[in-house]
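Structure, as structure tokens:
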């Protein structure tokens, strides 16, 4: 039970991954943004042009995932092999779900990259839609699954 | 009812703020991270050093807020006057609440800066604690209040 | 006839814009990428999915324009008011034309921002299509028009 | 015949290079900037100091090449082994030719790095000379050669 | 006697400059790098090519000054008007002195920009020369003078 | 006796590390900031809150070390394994000493990363304390030790 990025005195440091093996690691994270009715309507209304909302959020999420180690102070730089960001429109619950998958061959995992990709994509949706209504809520950003590394597979709820 | 960062064909563009006035604008956003019991215990246990968890997250949040226009594709660069990030430990609900306040004299508001500050601070807490348990959930990132600009005051739930 | 970013000894410096007035300035730049037949066919073929090629290039161009002062060593940081990037498919000449418009209220112009937006958008199209054929050629990146500032209007060919 | 950075629905993703081998890869790209007579004269006139024009453009090109994966949305981060940028003054045709060579041991090639290095160097020359005349044209940015990887050697015109 | 970037509890925050006036402010900082004999000889030896050592350090220093608010956590973003970096070779004392001057019209000063410009230029000289000898020492980085703002003129030693 | 980042004509290039082996390399650098009496008093006075001064400087130093290859033009990007930054308050000499240790498995060393980590941490202390007195002096930034690579161990003064 320890904070891996803290030393014995509670001071921050990047945990040393020098002795870890380079293995294939993946992470899959999701998150949601709850939309006020007006925004959901605009997104579903075919007469309102909004083609680029999701494209812009996808690009932002992928670039965000690549930029994780510049944004999160103790994160290690990594050469990710791939990153994808996808969206599901859940009309019934008036929300959009964002999914981000990242993989790498490296000494440490890509959980933070996947979570950052999700977060930046959600923030971008907020930015694209905030002219209509500022009442959106970003929620349920979590790690669904990760594989690889010494600790092996993690799957949420298992 | 329009997507301000889209043109008539649904193509992304930065909305033109050239005709807006430079006024003082503020934004206040919050968010939460729900902690599994093990992490909450470690944070409350005085025998476990963790002094820097919140300091690191605070610095990351402030730097994230300053970096918003590089991260969110259609955001305007802004010269923010100040930014602060604070934390509340809510032991009963096993969560940490993050608050971020930003102000600016500019042609457009700082809602995205405040929301980005909150998001990056929350991701950093996740990163600092993920060695203990990966089951944390980031949730309820929202704009509490903004002032200034043509649309005036927005207050959540009012 | 002088290199404004050089001093008397030929040493680089950022030209001092401290005595200039803050005025509204715009710049409009264009550029082209010549496509081998195979790529043009794929872009025109409705059965091949390529929806995001232009969206990704548009986002990259806008983010590139915003990032100009970090990329071009002597460029001044500027708070741009807006930026848009557009594309024309010229089937006859087998090329795509990119247009970028930027405006600002500032002490110096946005020519470099518009040219950088065009260049990054073109490089992104190259990247998106290079799996098909690497023989693309980026060409004719130039300033079409700029307005504002002491030197007034510049229009290419006039 | 596919867009490697698009999925089956035409949505952008970083192509997965996880199964590729780490091999030595090189890329060599070139580009030109056509100079109005006044600028060419100033560059050739020994009485006008301009020592740093090419040094600044060289540094900008090398830093641009290193920064490629932050600028081009679907590009993979890479640990380049080296990068060089050179210039030829072609007085007869009143142009400057820029050459950029990059090499890497990695899972994917450095074509985009070489093309980005050329583009940023050319934009920097434009910036350094634009006080004299804004009529410069950046042209003929292309990949001359690349080696390494599964697809082997590519040489322009062969 | 207070730490302006700390709140009452000692927590970091960006000091609020919202109520300050936009005035012209300048800062001038210097620093030194002490060179082992071997490096000084190489720099003075006309038969050893080293033309770009100072050009590269100058560009790095200027770009570093522009990038200060991304590097120093509590620094405000600023639109600097100009920046210059210069070098003096002091053969007698076997050192190089770096000078950096920055000016801005803004709500806060550019002391950190000038000091950062000096520091990055010095680090770059170290990097360019470290293949010869790693015993260089960077020293005496200090603010010589600043003007503008409520606190007026500061001049070292006066 | 050569400048490794210069070619035969004295032009800057990134030295080619393609033929070097990936080995474990470490670097340890230190530096100091001399504090006027007023600042030293404030730092030692338990009634003045300043908890975050060192935390902020530590985070800045670590992020600076990770960012070295973007800041120093000819530096190679590297995947550092770890980085730590520490402080000693030397009351007698009225100074703070900063230490930075970095390690990597790579083709080139991390001397510049350690020196950059020290420099950015020192600049951040300056920024945090400059409201009290601007007379601080940053001094004695040097490489104490490095290990790994073909040139083996370097230890200052040995």
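As written, the chain order gives the labels A, B, C, D, E and F, with residue 1 at the start of each chain.
Just so we're on the same page, contacts are C-beta pairs under 8 Å (C-beta built on N, C-alpha and C of every residue); 3 or more make two chains touch, one makes a residue touch a chain.
The structure displayed is predicted, hence computed values, not measured ones.
Path length between subunit B and subunit D in the touching-chain graph (shortest route): 2.
Chains that touch both subunit E and subunit F: B, D.
In a homomeric contact, the two copies may use the same or different surfaces; for subunit B and subunit E, under half of the interface residue numbers are shared, pointing to different surfaces.
Relative to the C-alpha centre of subunit A, the farthest chain centre belongs to E. Work out the mean CA point of subunit B and of subunit C, and you get 31 Å between them. The centroid of the Cα atoms in subunit A and the matching centroid in subunit E are 37 Å apart.
Looking at subunit D, residues 7, 11-12, 15, 51-52, 55-56, 58-60, 63, 67, 73-74, 77-79 sit in touch with two or more other chains. The touch graph of the protein chains shown belongs to none of the named shapes.
Under the contact rule defined at the top, the touching pairs of chains are A-B, A-C, A-D, A-F, B-C, B-E, B-F, C-D, C-E, D-E, D-F, E-F.
By the touch criterion given at the top, residues 24, 55, 58-59, 62-63, 66-67, 77-86, 103, 105 of subunit E touch subunit C in their complex.
The residues of subunit E lying in touch with subunit F in their complex are 1-12, 15, 31, 38, 41-42, 48-53, 55-56, 59-60, 63-64, 67, 71-75, 111-112, 115-116, 119-120, 122-124, 126-132, 134-143, 146, 154, 156. Partner subunit F is touched in their complex by these residues of subunit A: 7, 11-18, 69-70, 73-74, 76-79, 106-107.
For subunit F in complex with subunit B, the residues that touch the partner chain are 51-52, 55-56, 58-60, 63.
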